[in-house]
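Consider the two complexes below, in which chain A is the common component and chain B and chain C are the respective partners.
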Partner chain A sequence: MNELRNTFQGIMREVFDDDDIVVSDSTTAEDVLGWDSLMHINLIIAIENHYSIKFATAEIAGLQEDGQNVGTFLQLVANKLK
Partner chain B sequence: MVAESGGLLSSFERYISAPGGDRRTHFLAFRKLLKESILSAPKQASSALRRAITPTMDYTTACDCIRLAKRLQSHVSAPVEPVRIAIVGSGTTTQLAELIGLFCFSKGLSTDIYESAFGVGAQDILDAESGLYEHEPHVVFIASSFRELRERPDLEVSRSEVDRLAEKEVNHWQKLWQTLHDRTGCLVVQNNFDRPPWQPLGNFEVAHPAGRASFLNEVNRNLARTDLPFVVIHDLSHISACSGRWNWADQRFYHHAKLPCAPELLVDYAHSVASIIIAGRGLSKKCLVLDLDNTLWGGVIGDDGVGGIRLGQGDAEGEAYIAFQRYVLDLQERGVILAVCSKNEDDAARIPFLEHPEMLLKLDHIACFVANWNDKATNIARIANELNIGTDSLVFVDDNPAERSVVRQFLPNVEVPEMPADAAKYVETLDRHRYFQTLAISSEDRMRTEYYRSSSQRQVAESSATDIEDYLASLEMKASIAPISEFSLQRAAQLTNKSNQFNLTTRRYTAAEISARVESEDWVTRVVSLSDRFGDNGLISVLLARRIEGRLVIDTWLMSCRVLKRGVEKLLLDHLCGIAQDFGMRAIDGEYIPTQKNRIVAQHYEGLGFVLQGTAANGGSTWRLDIQNWSPGDHHITEIQT
Partner chain C sequence: MKVCSLEFILALILLSAIFPLLRRLRVRQVVFTLANVGFVYSHLHNTQSLVATTIFTLYGYAAAKLLSRRPRPGIFWAYLMGLLLSFVILKNYAFLRVVVGPAGLVSSVQIVGLSYMLFRQIHVVVDSMQQQIPALTFVGYFNYQMNLFALLSGPIQRYPDFDATWSSVSPANLSRHQVLMAYMRVFAGVIKIAALGALAQWVAQDATSYIDAVHAGNEAYDRWAIIGNFLLLYYLFPMYVYLNFAGHCDIVIAGGRLVGLNLPENFRQPYIARNMIDFWNRWHRTLSFFIRDYLFTPMYKALVSRWPRHASVVPAVCYFLALWLAGVWHGSTWNFAVFGLLHGLGVFAAKTWEQRLVSARGRKGLKRYLESRTIRVAAILVNVHFVCLTFLAFHPGVLRYWAIVKTFLGALIPGHIAPR
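Our next item is the complex of A and B:
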C-alpha cells in the first residue's frame, strides 16, 4: 500500500505540477489546492494510463464524494491490480 | 542565424523521439527545463513549447502544456490582437476550449474564448443580448454531437419523409448560422454529426431509411453541401471514426461530466477545430520540403544507384514509399507547393525522377529543387527565398533525426514533424498534423506549382538581365483590371485572408462581406490578373475603396508576393486615378496599418507619390494623393480588356 501511495503521490505532483503535494490515506479532494472537477478528470486519466486500468462510471465520481479519501481510492486501485 | 538554447532543444528532441513508454518521463524533464527558461529565456521557451504541442500527445501532457502556455503568456505579451472565439455546445466544452486555445497558441495565434454556459447553447445564439454577442466573436464554433440532433424519424416513416426530416434538421442549424452571421459577421464552424457505435438495427442501420446511422448520413450529406461562404462544416464524423467509434464514445465521461468524447480524444478533436481557425487566418502551411534518400525512396541513390533503391511494387517497403509519394502528389494537385532539399550531387538526385519507372513524383511537380552538400537550414532558407515565401510557411520532412534537429535549431519557424522509422507510417504522421488545412480549394490552388515554377525561372531571367527595366520589359507582361465578379469573389476573399506581406491594412473579409461591397454604390472593387511570357499568374491583386466626400478612400490593397516589384501597383494606381477623375473626385486616400509581416509596404504610398497626412503610435500612417498632382507611372505592363 505504501508503494501504491508513493506512486499516487508522484502522479498527483505530476498532474498538479506541484512538487510539494503530500498525500496520506485521509487526504480528500478538498485538502488539495486546485482539485476541482476538471483536475479530477485529469487525475483519473493519468492513473488509468499509468496502471492500464479503467474505472467504472460510479468510481470516477467516488473520490470526490463524502466519506471517500485517498485511502479508499487506493484500495479501489489495489483491487483492480489484483 | 541565431541558434536556440541547446539544453532545452536537446531535451525537447529526447522527448519527441522517445518511444511510448519513456515519453512521459522525458516530457517531465523537458517541462522542468522549460519552466526554468520561461523566466530566463522566454523566447526560446515559447519556441520549444510550440514545437512540443502536437495532435498526437496524450491528454495528460496536453493539460501540462495548457498550464505551461498560460504561464508563458503571462510573461510574454501577445504581439497581436487575439482571435475572439465563441464555443456553443450543450455539454461540457471547458477542456475542448482550452485545447483549441492551446493549438492556436502553438501556431502563434492568441485567443480569447467564450463558452456558452452548460446547456444554453441555442438560446445564446438567439438572444441578441447574450454574452456570446457581448464577446463580439470572430469565430463561432457550434460543438454539436449526435445528441443534439433535433429530428429522429420513426421506423415506420417512408424514405421521402426521412429526407424531409433531414432537410428540416439542416434548416434548423442554418437559421442559427444566419442569425450569428447577420449579427456579428463571424465565421461559423459547425460540426457534422458523429455516429454512435451502437446499432439497435444491427447491420440494417444504414440500409433502413429511418435507421439512426442512415439518417445521420443523410443529414451529414446535406450539411456537406452547404455553400454559405461564412460556414465551415467541421468533419467530426471523421475524427470519431479515426479513433474508433467505441473509443470515441466513452460513455463514462459523458455520464460523469458531459464530455463529448473520451478525454484522450479531445486532443485530436481540438486540433482539428483549431486547424480550421488557423486556416481561416491564413496561417496554414504552403510548402512541403522533402528530403530524398529514405524519405521518397528506400536506400541512398548516390550509393545504391537507380536500380538499387527500394521503390515500387513487389517490395513491401518499396510500396510504402510509393504510397507516400501518392499522398504527396495528392497534396501537390490541390495546391501545396513541393520542394526538394537533399544532401546529394544534383545530377544523382535527379536520376530517379527522370529514369525510375515507378517514381510518381516528377521534376515538374517540384517548384524548387536543391541538392548539394550545404547544411539543410541554409538550403531551406534559400528555398523560402527563391519561392518568395516565409520560412513559417514551410514543413520539412526528413527521415534523418540529425537533419531535423539542425533545421529545428536554426529555423524555429519551420515545421519539422518527428518522422517514424517505418515508411508505411509517413502518410499518417504527416496527415495528422493538418499542416495544410484549407477552407476551400480554387482552380488557382490547383495551378500553384506552375506559378511558382515559372517564378523560379523568372528569377533566373532576373539574375541574367543586367538592367531591371530591360528585364521587366522582357517579361512581356499583360494585365487585366476588373470589378470583382461572381467568378473572382472566392479567390478575392481567399487573398484577403491569406496575404500578409504586400497587404496595406490586413483587413480580413469573408466572401459575403466582399459581395456586400461589390453590390454597394459607395464601393469600388477591383481585381488584377497578370500574365507574362513564362505563364499566367492568375488573379494577383485586390483593391477595395470607398467613396467618401469627394475622395476615394482605399480600404484594402493587397498583392500576391510572387509578382512583387513588377510595377502592378503603378498600373493599378493609374487605373484608380482614372476612376477618381470619372467620378470628379479630388483625391485618393491611403492607409498603412503595420503588422509583423507587412513592413515591405511601409513606404508603398510614399513611393507612389502620396503625401503623408499623419502617423499613429503603432507606426501606422495615412496618405493622400491630389488627383491634379498625379502623372501616370512608369511600368512595362500592357493593360488588356477581358
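Our next item is the complex of A and C:
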C-alpha cells in the first residue's frame, strides 16, 4: 500500500503541477489546493492511464462524496489491481 | 396531485401513520408500491399515456438487464438514441414544430415526471452496464422510477441509495423529536410554496403584466413605474422559483423520511454562490451531480483523451455544453434554450476566469483571491444579479423575454420615447 501511495502522490504532483503535495490516507479534496471536480477527473484519467485500469461512472462519482479521502481512493485502485 | 395539496399531505399523514406499524418488509413494499401506483394513476390523462408510461419504464429495465449481460457500446448507443428520440417526441420540443410541423407533434400523450425518469433511467442503465448495480429487480426498479416522493420534481436519487432503504429498511423507527421535525419541515415547505412563493409569484406576475401593457401601448408610459416594476419582477421571480422548488423538496424529503426513505438534499443557499459553477453546486444539486457524472465527465474524458493539446480549452467547452443541455432539459420551449445558453455562458466565463487567475497568479494566488472577503462579496453580488437575469427566461416566449428587458433598458434612458 505504501508503494501505491507514493506512486499516487507522484501522479498528484504531476497533475496539480505542485511538488509540495504530500498525501496520507486521511487527505481529502479540501486539503489539496485546487482539487475540485475537474481536477478530480484529471486525476482519474492520470491514474487510469498509469495503471491501465478503468473506473466506472458510479465509482468516480462515489469518490467525490462526503467522507471520501485518499485512503478510499487507494483502496479502490488496489481492488482494481488485484 | 401537487405535493403541497391537501390530498397529498393527508395521504402522507396516512402513510407515515401506517408504515411504522408494518413490521414485515414485504408488506411495507406492497403498501409503498400501491401508493406509487395510485399516485402515478392520479396523474394519467388517458390510456395512451398509461401505455407510453409502461413502455418507457419497461424500455429502461430491459436495456439495463440486456447491457448488464452484454455491455457492448453499440447496444448502449442504440438504446440511448432511442431513449432521447422518444423523450424529445414525448416532451413536444418546440424545434419539432419547425422540423415536422404541428401535425407531427404528439400532444395527447403525457408521461408524468418524464424528465426525471429519463435521468434515473440513464443512471440505472449505465451503472448496470458497468456492473455497479448487481441485483436489479423489476419491482425495485419500478418503485425507484415511480417513487411518489421524487417522481414530479426530484430530488434525483441514485438507485443503490434507494435500494438500501427499499430492500433492507426497518420500519421508520423515528423518535418523537425526529417525527416532529419532519412534520415541521413539511409545514415549512407548504408555507414556502403556498404563502411566500405564491406572494412572490403574484407580485412578479403583476409587474410583468404592467410591463407587457406598456410594451403593447395599453398603459401610459411612466419610466419610474417601469423601472420599479422591472426590479420587482427581477428580484421576486427568482425568489418565487426558489421558494417553490425548495418548498417542494422540503415536503418530499421530510415526507420520505417519515416512511423510511432518505432522499438527498437538493439546495445549499444557492443565492450566495460566488460564480455560476458554485451556483450549480448549490442549486438543484442532484441534477448538477447527475450532469457532472453522466454528461460532463464522460464528455470531458473523451475530448481530452482525443485532443490532449487542447486540454486547457476543453473544460470550458464541456461546462458550456453540459449546462446548456441542462437548461434545455428544463423545458421544451425556446425560452429554456435561452436559459441554458445563459447558464452555459455563465459557467464558461467562471471556468475561463479561474484559469486566467491560475495562469497569472498560480494556485496560491488563486487561493488568496478566493479568501478575500471583499472579492467574495462583490462576486456574490455580481453572480446573484446574473442568476436573476437568467431566471427571467423562465417566462414563456423568447420575444417576450427580450421585450421585457428592452422596455426596462429604454426606461433607463431619460427622455426615451415609449415604444409603439
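What we mean here is this: the second predicted complex is superposed on the first by the 82 of 82 C-alpha atoms of A that agree within 3 Å, B and C clash if a C-alpha of one lies under 4 Å from a C-alpha of the other, contacts with A are read in each partner's own complex, and residues count from 1 in each chain.
To be clear about the criterion, contacts are C-beta pairs under 8 Å (C-beta built on N, C-alpha and C of every residue); 3 or more make two chains touch, one makes a residue touch a chain.
The model shown is predicted, which means the values in this text are computed figures rather than measured ones.
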item	value
Which superposed partner A:V15 touches (first chain B, second chain C, both, neither)	first
First (chain B), second (chain C), both or neither touched by A:S52	neither
Which superposed partner A:N79 touches (first chain B, second chain C, both, neither)	neither
Contacts of A:I41 with chain B and chain C, given as first, second, both or neither	both
On chain A, positions contacted by chain B and by chain C	17, 37-38, 41-42, 45, 56-57, 60-61
Of all residues in chain A, those that touch chain B in their complex	14-15, 17, 37-38, 41-42, 45-46, 49, 54-57, 60-61
Contact footprint of chain A on chain C as seen in their complex	126-127, 130-132, 158, 160, 289, 292-294, 297-298, 300-301, 304-305, 315, 351, 358, 363-364, 366-367
Touch list for chain B against partner chain A, complex	28, 31, 58-60, 63-64, 67, 94-95, 251-253, 255-257, 259, 263-264
Residue ranges of chain A touching chain C (in the complex, touch as defined)	16-18, 33-34, 37-38, 41-42, 44-45, 56-61
